[in-house]
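Chain lettering (A, B, C and D) follows the sequence in which the chains are written, and residue indices restart at 1 in each chain.
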Amino acid sequence: MIKVGIVGGTGYTGVELLRLLAIHPDAKVEVITSRSEAGLPVADMYPNLRGHYSDLAFSEPDVGRLAACDVVFFATPHGVAHALAAELLDAGTRVIDLSADFRLQDADEWARWYGQPHGAPELLSEAVYGLPEVARSKIKSARLIAVPGCYPTAVQLGLVPLLEAGWIEPRGIIADCKSGVSGAGRAAKVGSLFCETAESMKAYSVGTHRHHPEITQGLTAAAGQSVGITFVPHLTPMIRGIHATLYVRLNGNSLKRSDVEIQQLFEARYKGEPCVDVMPWQSCPETRSVRGANMCRLAIHRPEGGDLLVVLSVIDNLVKGASGQAIQNMNIMFGLDESAGLKFAGLMP
Amino acid sequence: MIKVGIVGGTGYTGVELLRLLAIHPDAKVEVITSRSEAGLPVADMYPNLRGHYSDLAFSEPDVGRLAACDVVFFATPHGVAHALAAELLDAGTRVIDLSADFRLQDADEWARWYGQPHGAPELLSEAVYGLPEVARSKIKSARLIAVPGCYPTAVQLGLVPLLEAGWIEPRGIIADCKSGVSGAGRAAKVGSLFCETAESMKAYSVGTHRHHPEITQGLTAAAGQSVGITFVPHLTPMIRGIHATLYVRLNGNSLKRSDVEIQQLFEARYKGEPCVDVMPWQSCPETRSVRGANMCRLAIHRPEGGDLLVVLSVIDNLVKGASGQAIQNMNIMFGLDESAGLKFAGLMP
Amino acid sequence: MIKVGIVGGTGYTGVELLRLLAIHPDAKVEVITSRSEAGLPVADMYPNLRGHYSDLAFSEPDVGRLAACDVVFFATPHGVAHALAAELLDAGTRVIDLSADFRLQDADEWARWYGQPHGAPELLSEAVYGLPEVARSKIKSARLIAVPGCYPTAVQLGLVPLLEAGWIEPRGIIADCKSGVSGAGRAAKVGSLFCETAESMKAYSVGTHRHHPEITQGLTAAAGQSVGITFVPHLTPMIRGIHATLYVRLNGNSLKRSDVEIQQLFEARYKGEPCVDVMPWQSCPETRSVRGANMCRLAIHRPEGGDLLVVLSVIDNLVKGASGQAIQNMNIMFGLDESAGLKFAGLMP
Amino acid sequence: MIKVGIVGGTGYTGVELLRLLAIHPDAKVEVITSRSEAGLPVADMYPNLRGHYSDLAFSEPDVGRLAACDVVFFATPHGVAHALAAELLDAGTRVIDLSADFRLQDADEWARWYGQPHGAPELLSEAVYGLPEVARSKIKSARLIAVPGCYPTAVQLGLVPLLEAGWIEPRGIIADCKSGVSGAGRAAKVGSLFCETAESMKAYSVGTHRHHPEITQGLTAAAGQSVGITFVPHLTPMIRGIHATLYVRLNGNSLKRSDVEIQQLFEARYKGEPCVDVMPWQSCPETRSVRGANMCRLAIHRPEGGDLLVVLSVIDNLVKGASGQAIQNMNIMFGLDESAGLKFAGLMP
């Protein structure tokens, strides 16, 4: 059994790690830290876990205990993994960071978007951006994984095939994204209250969301050239789910591509992928079809047969967009079946 | 008091007309028809109206009784107004049609999108597309009003200032729209069930929605030239509300326009409008801010100061997107205060 | 025009007062205070009010400015009205307190339930518990009104007819109540987050809710003898609405009462009441039928014709359960039409 | 592998069986019938199952193919299992019926509540009411299981310990129950539309719900004497979940029982039960804590230390209230680990 530690387990990605690892056949949570809740049994905070973790309580962060684990997940605000990762890596413990600390390869850019200096730039060279469908081989041998953000996962999986193939204009891409409220985390903020979010829809952080540079970085790598994207996130009255609606234009050489070719490009790119599902041409994936599941479901449209493609990409932001993808990374790193513990279907209805 | 008749009052736009007219100072509902519910008091079907319409019951459609009204609203599936409008107009009764029957000026195009011949092409020349912010003077003298659809209202109000001014490219416009479930009506369809729509988000009718030609027609008129738009509607887990996220590009001549100029363009265009509210630059309007209110709330963004503008436009699909706008038209037609009976604020939270 | 002041206008009852007063024909908000938001235009915090209060901003509490009003509403946490009411009353300003400060007639009991000494026991003798259907004549001449709590309004209106008539056992009453999340206010608490309350139902404060003594006090007064009630509130995934399901037993003398007599008891008790609606025998009122409306809708059931009655009572907790009822009190106090500004129907759907 | 057949797989209990069986280690769905959807791959109707049932399509009901299975689940409207069960049993196939066909032991009572003659009274003597916590030993050897209804499961598990112990009055029990909308099934009914159920709460079928006789039968068996219960179901704006709030009175002999004794009664009764969780005294279980999980979570309150107990009982109506409990029965019948395939935690948030 892989010994697992979790730093900062009181938020939604933390409890989701616990939920998923509770039925993982090859991993066991040994330590979960929370400064504020030290001493509290996890099942007292999360009654859905009653019966699953009878002996596990939140504990004060202790590097020694964490270093005794095979792998430590960080489900923390940004900055925490910066401070602790090196020590754990030195002790031979692998680190899977669900925060944004190691997602951007450029420390200066990180500092600009997060408003504080990067705390561990020396680790950036070995940090692997853990999108398995793009970086599987690097993940296998990685010691330090930066788990992609939720929006970046949905957007990249929707666009990577087209950008790698060079079929679309790399500028002028539009990502109109809709997220459930759990993306805002479990912090007590007025803006996340039921009465502020239910029965309403709004855009937010237009052009200024911190996932913007992460998306750009990933798409640029896929395209092999600079990519320009407008990213508009929207807050949607549901708990879980991201729906990315992606607008791209076929470039001159590719205007003649048939619908079938485009569909086949996606199907070939994701053939054999256990956590990406390319639906039939012109399908409309629902976020609920992946609720609770580690799956990205995609479909492609070409309105009126023109040069504009609309790619629809849905994930559960807490699973394929966070904790499930983190476990997928762990599975790869430790040579397990990539979807071990992640095989269940979405909860529908 | 204006004597009002309503044809087909059992759906959501019907009950919304009743709710709004219940407190209208100058209008009174005299007749409401429903073949299926004839004899049923309206308050038995809609208990929110108990105490408001003690004597009103649904009745069999009867042209004579309808023709005795000053104005008749059609809150019916398409085709019904085609059949009845002429007779009412001949009797001197004005007609405000909330269905799609008279929205498209081209009868052939209507037939193509609705899959049946246009039933009253001879009335098209006098039918006025009732978007008050665009056609107020024509509405004043109109006998037959086609109330704009919900998506078309949100999209047109968001784009008309830019198109009239000629500041944006008329091709390549993207309208990513999100609608509450009431847009699907009160029909008993599996796809509109709570368990099929709650806690989920999906696109639908990508490139094939019947509001597409209506939007194109309106934008083309505003631009004075052919307009090309990609329209992707999404089903959102809320009862009421449309959020239109509109992506347009400044054209060559207008790239130098400052943010202030763009904001002022909107403010000037809608100065004095009682039912359009231009929010401060870079605001994020919430659909709930207009819940139950006859208001379109707009805001403009220009991510990274580039050539792309993002216009956010929200309405309540049943009010400014249907029944409220219908009453606004009535007010104009009868020389009343344009927002008589429509002055209340949105229900928030 | 009645000059209105509001103390503490940033919460949900505050914004609801503003929404309702915006269309009140005889009242105008002159001052609204908030220490934390002083200087902020109210429409900046509550965009649904844009266009309604162009000149009104939150201001520091100032007794002088408040005392210049005809009436001051307190939409504050408990304790605040204790501190300020006397000074306003001395200045001739009437006070309508939406908090719990003057609801309990016994200062010691108040202190016990609220964990602090009562701050103005000398005012209790003149404070009128503002349930218009019970205390209309006292309200007319009152200077200080304690607006009933939301649960107490729904429960009392459902039981008062039976208790006044002496038809039911005064002990062993059960009030199983379900409330929307807005009852918890606008405070940033984890327990009120969308992700903690959506798609779930739970009981809370079983037997310990602060509305318990208020309910008991009101029912005891109606019965003319001591009343015993078990009150179990539940948190329900909706914004607005209270549904009280009340279980009572006919007493020995009344077992022979027919269904018709029971129904008539209610109808007679509430005949002419503008804000209580007795539905037909065995109806099932929906909370949405009163959403946004100042109405209590009631229905009575007698399962299997036995001795147990089930009374169903629904209100909008922010309207008839708070701000609407406060305005209803104001209307009575100032000799206006009792439902001035409160005539609109519920928002449905 | 156990060969599984499902009759009537297009409703919510059908898809839930598929979801749960997709990860069951010892069972495999061989046949799923639906007259209306014959030929359609199940994953086309339920995209959450894409990748799980690549070869399974709905087929016309065929007794021969069903009889080749080890066990057949009926997820059908009432009456269907009546017609088919005998033939399958004769063929040696075991039958687990999720409908109400075999829940009531008295054929006449069944006929009265369901408005049609009982179609298979000769099977009633061997039908086992499949509440494992009450009838485990009978289930082991049963050929025909009647899976309890959702409300009956929540209510019985909450009351059985007290009734078996004889501590409470068997008359005057109140079950105030709240259900998510999925309890109404996937039928296209206006009353189940999102816009008719979201943001609202209502009671329904007061005193007339078909689960009433089933509850009474089960409680009477537990008590060993006639039991009288008032059952009021409520429709709650959530997809899944039942919250039963149960009001009972300690009888004369038991009034002296301490809180600790009462708690211990429940803990002892359910010791070792894999699918019942007795929470600490005075807890408030949330339905979301069992969302998607085959678990009933209970807690007991005693307001003001009196004779009235309030038992709170939550389940997921589609899992422990239907499909999960059906599989739990299958596990017992086939000698498997009772919670095989049912070990996952609830989806929270």
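As a working rule, a contact is a pair of C-beta atoms (placed from the backbone, for glycine too) under 8 Å apart; a residue touches a chain by one contact, two chains touch by 3 or more.
Just so we're clear, the structure is a prediction, and the values are computed from it rather than from any experiment.
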Of A-D and C-D, pair with higher C-beta contact tally: C-D
Label of the chain whose CA centroid is most distant from the centroid of chain C: A
Centre-to-centre distance between chain D and chain A (centres being mean Cα positions), rounded to whole Å: 36
Rounded Å distance between chain C and chain D, as computed from the means of their C-alpha atoms: 39
Per-residue multi-chain contacts in chain A, two or more chains: 12, 182, 186, 195-196, 198-199, 237-240, 285-286, 288, 291, 349
Chain C residues touching chain D - in the complex, by the definition given at the top: 172, 174, 176, 178, 195-196, 198-204, 206-207, 230, 232, 234, 236-241, 243, 245, 247, 282, 284-288, 291, 301-304, 308, 310, 312, 314, 349
Interfacial residue positions of chain D with respect to chain A in the complex: 12, 15, 18-19, 22-23, 46-52, 182, 186, 198-199, 239-240, 277, 279, 285-286, 288-293, 295, 297, 318, 343-349
Chain B partner contacts - residues on chain D that touch it in the complex: 12, 181-182, 186, 188-190, 192-199, 237-239
